[in-house]
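Provided herewith is a single structure, encoded as structure tokens, for subsequent inquiry.
Labels for the chains are A, B, C, D and E, by order of writing; each one numbers its residues from 1.
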């Protein structure tokens, strides 16, 4: 699992800036190396010369010496949708935590819109327009649905808006109504988050995200535990965020059919490294991915 | 509320609850103390119930207001009003300083750091540095520097008004700030701090605002307490004092509008009146097995407290809701459970 | 406003009662002192009113307020009593209580007779405040009497670094330092539980006299440490003898310590003491260190009321009646010094014989009231 | 909605059932979560418990285990369980792998397994044979295992003792497709010797294991019958489970590895 | 030199006393997540029971200690069964219930035996002194250290070697799941409470030796240092608590002696604050 080459040189020689072809780090393990044939320019990928929304270089994180994410480098272009797959424990959530600043990177660099944010705290990154959801629903259980959206709207108005202790809290009526409409939660506006069904909680997570209108959205298994019945609506919602609003989205998901309909590119993680990053078709065709992730068809 | 407004003019005896009529100085003093503690608990709940911060050192800011005001008069010769402003200023500044340090850690670590600071403050006061604090003896407030209308038993009603004003101020301030944009963030922090961060807000600053506000309110409480008790004593700074605030808040129901007030008043009333009960003739006549425990006010308070914890989870403020739930619950149980799960 | 107690007069059959309020520790850390005080007060009232409980037919009514050792509670209690028309307050087991209740008494112009509280500051605090017990200075003078000629001798004070300890150090410096002794101090934090290093430090100072001013729960640990570090072999050790329950705490060192003493049951051998002992024993208790403080307080109260024809309404007159009054008390001849309301009284040098539960005190020497009189303090306000 | 008439079809009659649940009701904090669940677990093979999100599947299983207050009749191999505390229910011979896996994150894999030992001869051979990974990682803290490995621990614990019934609640939740397939294999093997009560959202998985099924809706049993029959009946499946045997959402042109996503 | 030796020996003795109290607290706090404010009360019960058995009961010292520890253990079991067990689903109320007990028990002791210190029996064989490199160290300090060392060993064996340790560690993470493995977790928790209570009562009994007297507030006043030690050591780590105890005892003893105003307590709380600011999870880095 350890990668001596990258440990010695945390930022591998990367293709020149603006190269539309995603960088796939070579791994030391020849068995799992079999790199995906460098994909053709992908729809939505950054045009040559433009600064990518997100750029990772040699990003890594280890806990007590054990590497959990190793040497991940890639660029995400404006308006792109990248889906992450990989076996359990591959490091997908950990990678999202590194990008959003929940964990400090052990080595490597994270750039958002060309600015180096590697050492910035969570809230500073969020203020730059980086929004995310969590693998297990992370909500304010004692607050109502509308309150969630209001708080998010307030936060989006900048931190100073929240320090106005002498003012009455604004209602943000228009924004709240819009967002709840869009996420089909309007009828639950006054329900406590703890009383929502699983699928509704997932929608609420998205609502909180949407109202703050982030440039880059990280979604961690938004469909986990959602019953088959609710999957299509949620999928449609995510699609509209991506397509209609033109947001850049990174998403981890095990539901293959969902992400195949959404993703421009597919990233495969394995043992903390980026095994492949390419068009869905190319990735699905790859035997290494088949072995590592999909297994025999069920 | 209306009862609180007419209290000083009333000669109504309230047997059992109060010793003497409602308007007598002794009763007014006790009610005023109840109001002050009710307000202190309400301010403390800004941390505990509203922002989810368990501070074990809140008494420090109370004691700072108390001692700083007293010492400003005694040592610096400030007139009362200036000294009071100085006292509130000191406690606010101290809360800002220590809050900015202790809020760097979270969870039980935060509780313990606040405890450590408060313990240090308590030790300093006990140690009588430079003979200033009076050590275990405390310092009496100088009557000549206090306004004449606040000195003497015939002016107890004025002290009562001040206590009531302090309570109203605290209630209003807590209510106002809780419904301000900052209050909304506090609520978010209480429920899930990480999630607030992900929205782009740094919880630290908001927690500090709550901490400083609560510290300043506690300092103001110290000033009122100084007027009521005519002096500063080291008991005010002990960790027991913070623990008492915690007990009050929980007794009443944390995070509710009236709960902490209720809890603070009830606790204070019990602490004072249980002594009388413990010393009453009725108990002196009991056989030793009953008499010995019942003659200890702290024993009564402790047992009462345990009883409340068991019988009234959620505190006094949850009582009406519980009664309602019990009523409708039994009614619903009688019907078929058609509505089902939500 | 507070309606006075002047309603009824001597004309009608039953005369209006005189109300006296006691604010003292019924519970809390000083409850044992408080109990002695109360027992003494009842005995003193009985004695001074010759068993009638009344002065000139005016019954003396006692109301009690518990302060639990907390000045804030004491002030509330005092205010309650004053508000109910009490013009005489007595009590204060703890110095902090005395120091904070006295100003309240002065503000409301009522008589206040402080009890066992030993702080020197109470003397001369204001013109409404008197005391019925001894003060630290009298303790120190008694301790000084052990050293004989102090010139050129070395005295070390082993005390806790509290207001009580600091006051003792200051008093020793004032008394013995003035007589030519060199005085130094070993101060231990009040919260320190392991006192071995301080005992060893006190021994290393090699004083001619080691004065120990100690209060609180660690007393037993301190005496054990002093024995273990073998301080008694090289130095004369003086300390105050507290209530009877504390005798066993000195452990095996008991017989080697020279005690200064305010009072113990049987110390004085006076007629009044006999009366007090009888009365207290009849009530099922035993006279102890602070029983005389209660007894004396009752004597002062009754005298003040007597001098005013059974009324307590004119506080200034009550004060005038007490100032300079000299009378036979439990410990012998007592005088309320007019200048600062100090209570001049004899003190005792005491030895313990036997140790542990068997320790019994005996008086070695009685020091007259003049020998131990504190310097005159200026009355404030 | 579906009424109280329960169509009982196919095999799985109540007579020879190993576990018989009748009129199970659960009320938590005044909320009526289950109001009348009936369920039979056949003495062999897999019995699937199906239903939409929030139908009450997990609650039913927890009620059987005694983890939530319940009323009604729960008879297991002739013993009434409804009055028993959880640990005694388990000692009747029931192994339970809960929905959230119930791994003790702070304990090692070996300690997690050791905790589950109940009788003298724990079947470590069987467990290690099924999941060689657990043997290799026995010293690792369970909290650092990947989701799939944690699921292996959870299932392994149920196999350690000579249980007469194994209850697995959504053993595939959050698992990568490859692991889902592996878990299906394991359960199929287990079911050869011990009956399994399986709660599952993934219909492909259920179809693969076959056996009888019960479908819950709104805290009640809405259907009992054979799994294959139910899944073959498009209308019934749509009515009871909200889905038919449909194509993947999103209309991707890529040939998806079948219905893992369901 | 002899002063330093004396300070080290007495500091370790004090640390041993802290450990006797903190170990039980750490066990209960760390393993069961119960912030036990009644721990000081258990200590006082142990101390008074020992004192009572020794003086009124006329037992020798060691039988009295055994008796005191047994009664303290019994009290702990009662506390767990009657007050803590019904509140396992309400952790905050558990804390509050123990606060109530912490108030009531010392008051009860005061009511029965008075607020004053009672002299504690000092067996002659333990009241002597030992000469170490020129310092005269009270012998009972070494008794405390030995007791602390034995306790540490026993607790580590209990936690590491027996199934109970495992059950409790797992039970803290997820009580329901432990029962779902067929284990009667309540019995294990009662046992842990009993052990914690036994340690506290033993601390009380030997603390009487240390102080030479008992009084009702003794346990409560030591409790705050026990909390400090538990937090510094990293909640739930008995070894961490041992290290922290020794550190706190030494720091306190040295600071008391060498700083002018005797800043022992102050330096301990400052130490705690600094440690937590640098390492929020305490010495051993385990989280509650």
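Rule of thumb we're sticking to: a residue touches a chain if its C-beta (ideal position, glycine included) is under 8 Å from a C-beta of that chain, and two chains touch if they have at least 3 such contacts.
Just so we're on the same page, UniProt names per chain: A = Amino acid/amide ABC transporter ATP-binding protein 1 (HAAT family); B = Amino acid/amide ABC transporter membrane protein 2 (HAAT family); D = Amino acid/amide ABC transporter ATP-binding protein 2 (HAAT family); E = Amino acid/amide ABC transporter membrane protein 1 (HAAT family).
The model shown is predicted, which means the values in this text are computed figures rather than measured ones.
The chains in contact with chain B and with chain D alike are A, E. Contact with chain A and chain E alike is made by B, D. Using mean Cα coordinates as chain centres, the one most removed from chain D is C.
Counting C-beta pairs in contact across D-E and across C-E shows that the higher total falls to C-E.
Summarising the inter-chain layout, the chain whose CA centre lies farthest from the centre of chain E is A.
Per-chain CA centroids place chain C at a distance of 79 Å from chain D. Note: centroid distance chain A to chain D, computed from Cα atoms, is 32 Å. Chain A and chain B have Cα centroids lying 46 Å from one another. Counting partner chains per residue, chain D has residues 54 touching two or more of them. Along chain E, residues 110, 261, 265 each make contact with two or more other chains.
Residues of chain A in contact with two or more other chains: none. If you check the complex, the residues on chain E that touch chain C are 3, 6-7, 10-11, 13-14, 17, 110, 114-117, 119-120, 122, 127-129, 135-138, 210-213, 215, 217-218, 221, 252-253, 256-257, 261-265.
The residues of chain E lying in touch with chain D in their complex are 163, 166-167, 169-170, 173-174, 176-185. Of all the residues in chain B, the ones that touch chain C in their complex are 19-20, 24-30, 33, 123, 126-128, 131, 134-141, 143-144, 151-154, 156, 225, 228-231, 233, 235-236, 272, 275-276, 278-279, 296-298. Interface residues of chain B facing chain E in the complex, by the touch rule stated above, are 101-102, 104-109, 112-113, 115-117, 119-120, 123-124, 127, 129, 239, 243, 246-247, 250, 292-293, 295-299, 301-303, 305-306, 309-310, 313. Residue ranges of chain D in contact with chain A, taken from their complex: 52-54, 144-149, 170, 173-182, 184, 201, 203-205, 208, 241-243, 248-252, 254, 256-258, 260-262.
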